[in-house]
């Protein structure tokens, strides 16, 4: 193991939060980023099959225990706060459609979303306000955070389960768009559907 | 790496405190202690020369970063920060009126001065405690330091422009008037000037 | 045909509850109420009913679904259970949809019942997809449940030292500012050029009297006024225009948001 790998191993081990390549490079004294990346790769493969894994989530790296040890380690831990059904659903809608306004969330769920639900998700650090949509009324739009990806074990939003199929089958498009697609209706979307996010 | 070693690796990583062989053996479901010891030895030698070490202290095992990385993991960062407006005002008052008590500073500024402001000035090395005033309550009095003169390029406090000069340069004019003078605008100051100039 | 992932069971789903209405199998009157509490609104109830058709959400029979929903609501009403307004609104809308679907084609209004039904189906598919996604999301390796972070990280020790900056000018200016602020102040109210509402009303209504054509609000402003007077005139002319419209003496048009506002006399 070379000196850079040792330093990165030590730093990530001691760090309280995940670290990006940039943060590591500058923390360790202006190391070339490509070297840092190479060292991270080497380390990650070194830890394969071990009781600890080195993983990348939202472009930030951290060590965590191997998922198959969950049964062993879980018993000692306090239970995670259970997310309500509404909160889970709102979280999924934000993750798959981001950035998305509250009205858009409500139009998918067919019910009003209480402000409390969004607060819970923001307090958990999984959702943040991502600005306003530049349409009349300038509604606030929401998006997920790196901590969200972290917590749910996703490297990036592309890892969201089934997102590629959902996108391919048009299930992330607003109803009006999907309707036109199906019927070949050219009358154009109505105003408010027009604003709904067209996810990247 | 065998399953027991993996489990011990994960358990020690996630544990909040070092664990004894006994604790590990019972935590992992009544494993034979000699097996646990053997696994710990194997793990410890695996980590030799790495950025993380597995060590035994007072019969309890834990991971720690390699001692030779300590210098890397502790960083000193110097940060340049501009003195806030409030702190600059307090500093100016001390410079013009020293030695001066906090109550006197407040009466000159016309606003309360937080203790934090004086702390910042002392941390910067520009202000020091110059004793107590021999009046009831014996308030602490403050004065500037030689570093203050240094930093501001003054050879002595007499270099500070006097009141008459300040008036001549317009620095004593009420802000609104000075603003009009500069812009020839009769409409009065714009909003934010208006707020700041009258925060007394 | 079946898109698979739409139907995978998800851990937090209530799908493993026996299908059918709770009121039937429980027999006590608040069971249905309790189950209604369990739904996240009428769309959720519809989705649940649709899933019981045991076909791909793209193949469901909307008519059957509508009937199931209406039955459900009817039964709730028979049991004199309190139903949230949105369930009743949905019931009314579905009843309308059902009657439209049963009408002969040529008597149909716009939008057609086919369109409404298809859109309802699309909405259910979308909600179903998100519910499915939520389940799979929660099924992943979550920190604190499946994987664990280091229990007692040493932390990276970053000692921050602050070096404060300030210059001589800022210092002297600050003193000047304090002195100026605490010096006795003399306040004077300056006269500002304004156009009062009364004169704007006169002016706008006189000018409207001249022509029947549309005129832009801007054209009512005094042409050579200095900027601040012009601003005031714009504000008071706008209010005057609203007032004249209220009195029925003028009409106002604006083609787009923030577009020019136009004004015309009402004969």
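Per-chain residue numbering starts at 1, and chain names A, B and C are given in the order in which the chains are listed.
In the analysis below, contacts are C-beta pairs under 8 Å (C-beta built on N, C-alpha and C of every residue); 3 or more make two chains touch, one makes a residue touch a chain.
None of the values given here were measured: they were computed from a predicted structure.
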Centroid-based (C-alpha) most distant chain relative to chain B: C
Chain nearest the global centroid, as defined over all protein CA atoms shown: A
Distance from chain C to chain A - Cα centre to Cα centre, in angstrom: 24
Geometric centre distance via CA averages, chain C-chain B, whole Å: 43
Separation of mean Cα positions, chain B and chain A [Å, integer]: 33
In chain C, residues with contacts to at least two other chains: 148-150, 154, 156
Shared interface positions of chain B, touching two or more other chains: 10, 13-14, 63, 65, 73, 75
Of chain A, residues touching chain B in the complex: 1, 5-11, 13-14, 27-29, 49-52, 63, 65-66, 69, 72-73, 76
List of chain B residues in touch with chain C within their complex: 10, 13-17, 63-65, 73-83, 85, 87-89, 91-93, 95-96, 108-110, 120, 123-124, 126, 151-154, 160-161, 163, 166, 169, 171-175, 186-188, 197-200
For the chain C and chain A complex, residues of the former touching the latter: 3, 5, 12, 40-44, 86, 115, 118-119, 122-123, 125-127, 129-134, 136-150, 153-156, 257
Residues of chain C that touch chain B when the two form their complex: 148-152, 154, 156-168, 170-183, 185, 190, 192, 228
